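Scroll down for the structure; my scribbles are underneath it.
Chain naming follows the written order as A, B, C, D and E, and within any one chain the residues start at number 1.
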């Protein structure tokens, strides 16, 4: 059988690794569509045929729950994301971010939770007026990463998981402390219109059992998940 | 090439082919009317046809999204009819593409019809040829080049569609993931090797196709001074 | 309309205007050559010009992004020349748009030049009019409609650009945030009120502009049977 | 076959008002200076000009009646036309042009071979239409119009671009063909008109000046040309004695005149 | 002014090979049946046909020499041309067409007013070019070509669509204008050619058959036409006695011939 999974951009790479294993073990097929959490939410609103939605925040899944578009009780936190400041040269740190003059890449705060988090950080450091007109916004966190990676922008606020998976030298980034921004509590839901909710739930459970993989990838695992 | 890309390629070609075929059947009468009507309504109709040209694809995508969404009446009706929402389905993409590519098919045809002049048509009419015969025996062969151009532009523009698809197609592999989206995803995901392969492959393919078409046109021109 | 949207509108118009102006200056000689050359190279050049038509905008955006990157030689050269990276700058958008809209300006011009025929030009030559005079006094006035169409399509297509901008624009308000992107953002953020205002405003504006242009063309046609 | 029309209106500044009843048989001449509206009239009869108002009737069938809102499209009128510019289909060969026309014929009246010979286009059959010379094009246009077997045929200066020999040959052929296909024939050549056409319509600016048998109306053609019969010819002394016909130019001694020997076959069919 | 050409090549199947040295003065006639390559020759001389190879020289200046790779573009040749189809600029009025041509003239030779009168286009000056009738268009085309004051002027059947009166008038005007602007003149009308042109070039299929003074070469024109001088005319009996000139048609008693009274003004300028 086939599962259609909508996944927040930051988690796409990790999910594909999980899905590979899942496919190998069960013989089912997982098709992944990635995008900004907000964009995927909009698509679901308008009838996109996904079975499972892995968001980068808890807000959208809650909204879907209120709208009764999910399988009751399926909403869980599967990971907690971490934001990192990536600077291609020099020694990235809170100071170097505070003194950054050039263009800075972030994700779109309106669409991507990682972008919202980045905005929180900039606000806390009082950088918003200084960086006006210099914020290059990717439509999701993957695009943001790619802006920096291609060398077109020299620094950006991206997901730690991306830097880990690309094996970027830890000297080139600074992991932003959790309390600098609203928590990136990433929740998942099984959608009601799913044609195969059992299988979706099965994948979700399978994912929740891969805690080692998630921590290695750069996520924290919430107590809530650990309990289950 | 990975199978997902091949699938995207296949979806894209299917979409472009179906769209082009439908448009090339629908557009000639409209283009003809636009080319020859002296009605006061003409500028209005011309403007409507040209609208998808001027509107950002996202505007079109936005309205289509609303229309297709099962939250609203039109979309709900569709869903009742087809059993699934038109948004994020292949059928929805075809409709969106047809609207989006309409001016690219209509305008070359219209321009061809305008510039072929009326001389030969008047001659055909005095020979007793009716509307259809005139079209079949005179208009079509004399504007073959415009038809080819129209089909080409329509096909090409659908191939390159991005904004509308992004909004009403989403990114569902095998159903609505077209190459432009797949490539966007590769680039975002830093899969530059795959991106290079897909983009390079497309580039080579398109270039070859275009050189072939234009070369063919030129040869025919040489042979007759006309075709 | 919120000021961010107004800014996006302004950036978009500036971009479209500059792009169109540059193209309308650059393209006529190219279109002329394409219309009249019998060189074997022509299909090749025609294919290159048509390439942006066929390629998904993301492919173009991808290669531009690579080209602009200071990691590579071209981008480094650009940076030396312009003092800053071209990616995510207005200048970069202009370059991208010019490439992307090139075929939309060249093709109507070429088709106009082809179909105006050579009769009047031969007459002009035998009157002693050189290349430039022929262009100024005969070609241009006889193909005015094609020039208008070319400018319109070029402008329109730049207005509607989405894929390329999404990849090389970076969505910087006041600099590279154009309306198609702003609208996309509104819609994806479910800010439907803002989306409706922007999309509806654009729709009305475009429609009015188009009706005006086509109405103007029709009137001129009526008056002379030619213009 | 009766052709009657009563048309009025204007093209730009040019006022047009023409009314006439014509018994169509043989070749009717339409003669008049440049710009008086000859082409305009033929186009209106063929149904190609919608700006003129009025009535046209052919063989008892109403082709146009502006009062009653009737306007038959050209393809239903079965009126053939040879245009001043020849308007061949450029994507076809000569043969292709003729065959396309032939398909439209309801009754096959003249065999293809006869038309080809009559118009002298045997050697051109497989040439693409755009490669023809001006005179060749005109001959093909005439052939094409005949192949469609119209009820009547309107010819707008069909021989203007032809050399003398082709013209003579074609005039003979047209004269023969005029029995199945009555024609209206515009020509600026007085001799051509006089020898080929009967009756004759004279046009003035936007109106019809006179209609009648060539013998009568022909007298009003430009007076520099005339007809005469040879009374006596002595090749030795080069002395020629002629008897002038009615409408002859005014002559005086010492004046140089041109002679046109009129081929015997001319008008023999239609007038005697 | 000497015009010499030696051209060869082919258009499709059509073989072309023509060589000639012409002393340009007055009007040189170019006569031949339809499709022999008259238009092709003029186009090559004007620089509009690149497919023919060979040499063209005008007034000591090499216009084309395929061996040396020389091909002067038409606008540098200062050779005017009146086309078989008139090719007016459709976006301009008649006046606009003339004024545009006038700007190209290096030396103003004929005043605008004289050309307007000569071509009889006074009433057409403010009409848009596409609204003209065929004959009107031809007259404007002639006027336009003259206004550009070329070194020589090539005319391709310029009077074909004109009525008799306009034609007579224009022939006189062309005859007068030929002193500043020598012309090469294609016409299918024997009388026009004989009365207007000297010398004469006769063309056969793709080649030049004869070149020489009209008195000589003119004899080889189609024999159905000729010239004669009136010896005696008696209006009462309508008896006319003529003395035939050299190149006269063969006549026999009872035959009907046409008469063309040759206007006295013709050729008086150029030959006597």
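The criterion applied here is as follows: a contact is a pair of C-beta atoms (placed from the backbone, for glycine too) under 8 Å apart; a residue touches a chain by one contact, two chains touch by 3 or more.
Chain by chain, the UniProt names read as follows: B, C = Molybdenum transport system permease; D, E = ATP-binding cassette domain-containing protein.
The structure displayed is predicted, hence computed values, not measured ones.
The minimal number of chain-to-chain contact steps leading from chain A to chain D is 2.
The chains that touch chain A as well as chain B are C.
Using the average of C-alpha coordinates as each chain's centre, A ends up farthest from chain D.
The leading chain pair by number of C-beta pairs in contact is D-E.
Work out the mean CA point of chain B and of chain D, and you get 49 Å between them. Per-chain Cα centroids separate chain C from chain D by 53 Å.
Computed centre separation for the pair chain D/chain E is 25 angstrom, with centres defined by C-alpha atoms. Among the residues of chain A, those in touch with two or more other chains are 45, 138.
Contact with two or more other chains is made by residues 65, 187 of chain B. The set of chain E residues touching two or more other chains comprises 85, 131. Pairs of chains meeting the touch criterion are A-B, A-C, B-C, B-D, C-E, D-E.
Chain B contributes residues 119-120, 122-131, 133-134, 137-138, 141-142, 144, 224-227 to its touches with chain D in the complex. On chain B, the positions that touch chain A within their shared complex are 65, 68-71, 75, 79, 84-85, 87-89, 170-175, 177, 185, 187-190.
Of all residues in chain C, only 38, 42-44, 46-48, 50-51, 53-59, 62-63, 65, 107-108, 111, 115, 149, 152-153, 156-157, 159-163, 166-167, 178-181, 183-184, 187, 195, 198-199, 202-203, 206-207, 209-211, 213-215, 217-218, 222 touch chain B in the complex they form.
Across the complex, chain A meets chain C through its residues 36, 38-39, 41-42, 45, 103, 105, 108, 110-111, 133-139, 147, 150-153. Residues 46-48, 73-76, 78-81, 83, 85, 87-92, 100-101, 104-105, 128, 130-131, 144-145, 148, 150 of chain D are the ones touching chain B in the complex.
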